[in-house]
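Would you mind keeping the following structure in view while I ask a few things?
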Amino acid sequence: MTKAAPGARHSRGGNTATTAFARKGKSPRRDKDKTSLSKASSSKTVSLKSPGHAVAVPASAGADDDRIVIALSLPKVALSESMAAYFAKCDEKLGFVPNVLKAYAFDMAKLEAFVAMYNDLMLAPSGLSKLEREMIAVAVSSYNKCFYCLVSHGAAVRQYSGDPILGELIAMNYRAAKLSKRQRAMLDFAVKLTVEPWAVEAEDREGLRRAGFSDREIWDIAAVVGFFNMSNRVASATDMRPNTAYHALAR
Amino acid sequence: MTKAAPGARHSRGGNTATTAFARKGKSPRRDKDKTSLSKASSSKTVSLKSPGHAVAVPASAGADDDRIVIALSLPKVALSESMAAYFAKCDEKLGFVPNVLKAYAFDMAKLEAFVAMYNDLMLAPSGLSKLEREMIAVAVSSYNKCFYCLVSHGAAVRQYSGDPILGELIAMNYRAAKLSKRQRAMLDFAVKLTVEPWAVEAEDREGLRRAGFSDREIWDIAAVVGFFNMSNRVASATDMRPNTAYHALAR
Amino acid sequence: MTKAAPGARHSRGGNTATTAFARKGKSPRRDKDKTSLSKASSSKTVSLKSPGHAVAVPASAGADDDRIVIALSLPKVALSESMAAYFAKCDEKLGFVPNVLKAYAFDMAKLEAFVAMYNDLMLAPSGLSKLEREMIAVAVSSYNKCFYCLVSHGAAVRQYSGDPILGELIAMNYRAAKLSKRQRAMLDFAVKLTVEPWAVEAEDREGLRRAGFSDREIWDIAAVVGFFNMSNRVASATDMRPNTAYHALAR
Amino acid sequence: MTKAAPGARHSRGGNTATTAFARKGKSPRRDKDKTSLSKASSSKTVSLKSPGHAVAVPASAGADDDRIVIALSLPKVALSESMAAYFAKCDEKLGFVPNVLKAYAFDMAKLEAFVAMYNDLMLAPSGLSKLEREMIAVAVSSYNKCFYCLVSHGAAVRQYSGDPILGELIAMNYRAAKLSKRQRAMLDFAVKLTVEPWAVEAEDREGLRRAGFSDREIWDIAAVVGFFNMSNRVASATDMRPNTAYHALAR
Amino acid sequence: MTKAAPGARHSRGGNTATTAFARKGKSPRRDKDKTSLSKASSSKTVSLKSPGHAVAVPASAGADDDRIVIALSLPKVALSESMAAYFAKCDEKLGFVPNVLKAYAFDMAKLEAFVAMYNDLMLAPSGLSKLEREMIAVAVSSYNKCFYCLVSHGAAVRQYSGDPILGELIAMNYRAAKLSKRQRAMLDFAVKLTVEPWAVEAEDREGLRRAGFSDREIWDIAAVVGFFNMSNRVASATDMRPNTAYHALAR
Amino acid sequence: MTKAAPGARHSRGGNTATTAFARKGKSPRRDKDKTSLSKASSSKTVSLKSPGHAVAVPASAGADDDRIVIALSLPKVALSESMAAYFAKCDEKLGFVPNVLKAYAFDMAKLEAFVAMYNDLMLAPSGLSKLEREMIAVAVSSYNKCFYCLVSHGAAVRQYSGDPILGELIAMNYRAAKLSKRQRAMLDFAVKLTVEPWAVEAEDREGLRRAGFSDREIWDIAAVVGFFNMSNRVASATDMRPNTAYHALAR
């Protein structure tokens, strides 16, 4: 499974982005929202551009998604040193900087807080595997119908599992997936906590314990569910667009 | 659009299916449902098998989806002549027979009625393009969270539009797609009719007329919405599995 | 129980329909929808008219329901020979042609596909009695609040059961009916599949099996549930009106 | 259509009730609830019995509904003089005593408070006609799926309007009824206040004023909506059964 | 924490009310509703005024709540003798007349019926303690988001229990309260009956019996649930404002 | 407005907490959850204890809320230096350390990320006043029925506004509050984004702009809404208990 390659090449089309940006005003968005954040990317995010090869992008539903990151017009600011390094690392590893980071990049305090929490939750050691955390992200996002998170974390499920169909299952209806008892209990809890948080009680926690989760892991499930209930809403409120490269990753 | 090649090759692995079938009892389904319909495929559906080349299928969430079509144990019957021809044509064109057809193939009257209605609705001349009809199918299935229809008709949206991202948008949240006014009105109507059919009234029809639809086209929208509200439920009730080939189509 | 007689006499007032039709433009509909399909009935459906005796219809909420079948203006076409025969048979047996058939009669391919599927599902041999299939139709239509289907299939429940109160119970709240365990399980499944199809799983099927249903019968339940989730939406989308004769049937 | 006669005769079958009561233990209720309130009727409600003629009741979904009024076992008490007179008057006018009154008759304070509020709301002078108040009752009960109130007040709509179809329309989907703007606004408000009371605001009241309602009439609409949201719940909580006579009234 | 005193003194500011009333037209309500019921208080409700000491009311979200009781303009009428006595008793005991009584005071028949039912349900002997009945009132009102009833009956829970936190718990999420099994079963039933009354069945009643409730007490639970489903809607429909004194009671 | 005083004294009862902790096993929680996090408070959080004076706590629904912070048993760890300083500052200012901080204190990375994000969102300069941010917190928590956040941020609304009634209004039904157009638009957006995030679109953002919000402020609204949709779920998943001191603050 050759992972990021096509996506990488696709999204590296920095020149395209720049060119496209110039004719932003003509973008046929039905949205009244006027401008875009992606100006931020021209501030200090030089690393985002891989000069030289322009790519012909076909007219597509995602045509603007690498340029117009959100539907709010926010200030341009320079990336802090640590964030510039972080963006560069993303670009190196993925071939692109996830648009959610560009969206938060109008304010370093917000960007850094987001990155700190995200990395702790999704990448730090935990009794939950990284795949499991991504499965939670996608199941939650499915119930919130969040386009950004379904696309980006759906790709992550495909990558971590090496199973493209699993990504579709969790995004479309996790109940149709053939999961272990543990993972099923985890996603049932995640979806209940998403849909009717007020009804989660001791017996729900007890169910997770019976499925083998420690209290520490229950915290982690809750925290990931919480985090994506936050991110889904920030993304929906701002019409955040996923990098087009995600769509082809790990198919 | 000569897309289907990889899918075709994938699903043609008839031998795999046959072999897998023999060890069906050991399938690690969490489901108590015992057997499968896919026996039907061994009756007269010879054309489904493309002998010779076994394909190594990786362990995957979709590992059984080409073998165990639904979670009900239904009788085997021979395909009628017309249905055998129809299956052969599907196999020739797509490289596989859609599992929904195999599911209905336990009873020729039911299969023929389904095929007649499906073909009239989705393929006969209409003021709605075939892409528009598939967009309706996917938007409805998104609200009903129907894994089978999202996968199979999501592929159709990708194929007809030549735009993989459009398929994702309609499946995940059609409101995030940048649609023409006409198509947006069409999908708004489709989703309202799916979610709260009792609230559809004269002003909803009037809205479609203002968006340029004739009364004849309004019927067609309603009929496609209705059809997928039916199919979604038959699929969910029986745990119908989409052919794995769909996943890779037109990405 | 003398079935269709009163309804028959009522709806046979063909002259009334014709007369009424002439003053259609003055109909005090709040609906902006302009014309009606019932023109179709003047094409080849001669059998629908029972000449001679005009009936004084009182001003009523159903005053137009035998004339203005749906709120869309669709083409007139001649009935095919087989459909003309079918309409004649309906008229002979029931004393009227169900309005749903008149609604579909603008296109013979659609009418024939509908009739084929309907007759197979509701009338062909099945482990479900005809009454049970009608009970499913009404329970589904109750949750979708479909006026057309509640009236027409409510009448069928009254007729098949010989129990007018049972028809009311299923239409109003099937949980208030005193049903056998088998029929209760059947309707619980039908309503769950209607309201949250994505949540139907192996244990729901297993529940039906425990209540005595074979896999073949589970298919039939699912198919009838699906069919009325389709019909309810076509009826609601088009403001389909039930023949007034249904109201008095089998009271 | 001969109105109350059959119902009247049916429900007057006091002896039947008494006899049936003796074999109560064999009643095939799936309900674990053990006994019935109808014992109350044997206390002082002599007027309820029309001695002599036993009526053969066919096996029916409503077979017990005139005997076993609710699914709670409550004390027998003597009717107060005023309530005995009231019951006698009901019996004389309707041919039966509505089961809701028998249900409350275990405690005179509760019965009298209920009767006082009911009669003021539904029968006292108001800018709302009695038919309009009954239409509200039925629309509210439709959204609460209350079998008792749909049956009993559905009959009242048929009686006051002289239009059997109107009763069905309001019970099944009031949006399908062709109503005056005034009555449509009234029922829209009633249903919104039933389904999401927290969302009713100044603009909803203003809408009623624009439709011609005075503030005094808005109060009455609210009070009737409130009353049936109460009654629906008392009836559902106790499995209150409507007198079988209602079903045939004013068809 | 000095309990009812400030509230009492606050609401006794009859002069304030009168003064405020004179400048009613300048009230900065976003509401289009024009006038208020509180005129009624100037009719015969002399006892409401505690002459002499004007109180400076700070600008507050509740600034008008003691003056403008509801958002409907209703007639002034004199209190009947019994109601005048009742209002005087309220004023003596609580230091104010609850606004719900002032709201109903435009019509003595309605006021008396309301008071009779209220007092029987909430104050008459019952197997449910007064605290339990108030807990039901608050739990129901929480699901209906009724500002008036949450404030006034939340105060009652605080008073009867002597536990300010219990009042918050029931108003905010009764599932977070540590309740006895009996009280938990009671509130589970109350909320189910509020949210989906159609789904209450024999097993729900059986659950109450297992938790120790008699059939007579089940009636009382149902009746209190019903009553507040009524009152919540009358209050929401009319924008009924709770006396400001309630807020500080029993904190 | 003398803020934290009573709460401070109340919550400072560190000895009580310690004592109570010893008899934790006898706590009459219906919850099967066994232990508590509050052990963490004994690690380095010395500043939390105000030695000496034991306080008699009355039996109350909140009796354990200052001791048993969440229903998960998590590791004890020492506070980092910066977090110890932060806790000390909270204690100094409020008289207690908010339980949410104690809950996160089992892992410094998580605690620090939470604190960083919280402080940026709720306290950093913004076009939204601190009161407005707290109003959003409470409105969101009301729809998620989060006991912890309603109590703690309800107190904050009371404090920042100096208006106890405003806190109740937002917690109970923000639509009943008399708000400026700006604040009403803000809360409408917040609640829509909470309840149906998928339906937030360009016209919702445009509505905020018309109400006077800049794009930068729209981001802040979205971010606060998101944050509390996260916190509500972490709190509900872990049965997080608010410090009892909050209840009396700013009443």
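So that you can tell them apart, the chains are marked A, B, C, D, E and F in the order they are listed, and the count of residues begins at 1 in each.
Note that in this section a residue touches a chain if its C-beta (ideal position, glycine included) is under 8 Å from a C-beta of that chain, and two chains touch if they have at least 3 such contacts.
Predicted model, so just to flag it, every value in this text is computed and none were measured.
Q: Which number of steps is the smallest that gets you from subunit B over to subunit E via touching chains?
A: 2
Q: Any chance you could name the chains that touch subunit C and subunit F both?
A: Where subunit C and subunit F share a partner, that partner set is A, B, D, E.
Q: Which is it for copies subunit C and subunit D: same residues on both faces, with over half shared, or different residues?
A: same
Q: Roughly how far is subunit A from subunit B, centre to centre by C-alpha average, rounded to an integer in Å?
A: Measuring from centre to centre gives 28 Å for this pair.
Q: Go ahead and note the Å separation of the Cα centroids belonging to subunit A and subunit E.
A: Going by mean C-alpha positions, subunit A sits 48 Å from subunit E.
Q: Would you please write down the residue numbers of subunit A that are in contact with two or more other chains?
A: Where subunit A meets two or more other chains at a single residue, that happens at 30-31, 145-146, 173, 198, 201, 239.
Q: Kindly provide every pair of chains that touch.
A: Chain-chain contacts present: A-B, A-C, A-E, A-F, B-C, B-D, B-F, C-D, C-E, D-E, D-F, E-F.
Q: Residues of subunit D touching subunit F in their complex?
A: Subunit D residues touching subunit F: 198-199, 201.
Q: Along subunit A, where are the residues that touch subunit F in the complex?
A: Touch residues, subunit A against subunit F: 30-33, 71-75, 106, 109-110, 112-114, 116-117, 120, 124, 144-146, 189, 193-194, 197-198, 200-203, 205-206, 215-216, 218-219, 221-223, 225-227, 229-234, 236-239.
Q: Applying the document's contact rule, which stretches of subunit E touch subunit A when the two form their complex?
A: 173, 175
Q: Show which residues of subunit C lie in contact with subunit D when the two form their complex.
A: Going through subunit C, the ones touching subunit D are 28-31, 58, 60-62, 64-65, 142, 145-147, 150-151, 161-166, 168-169, 171-173, 176-179, 181, 184, 239, 244, 247-248, 251.
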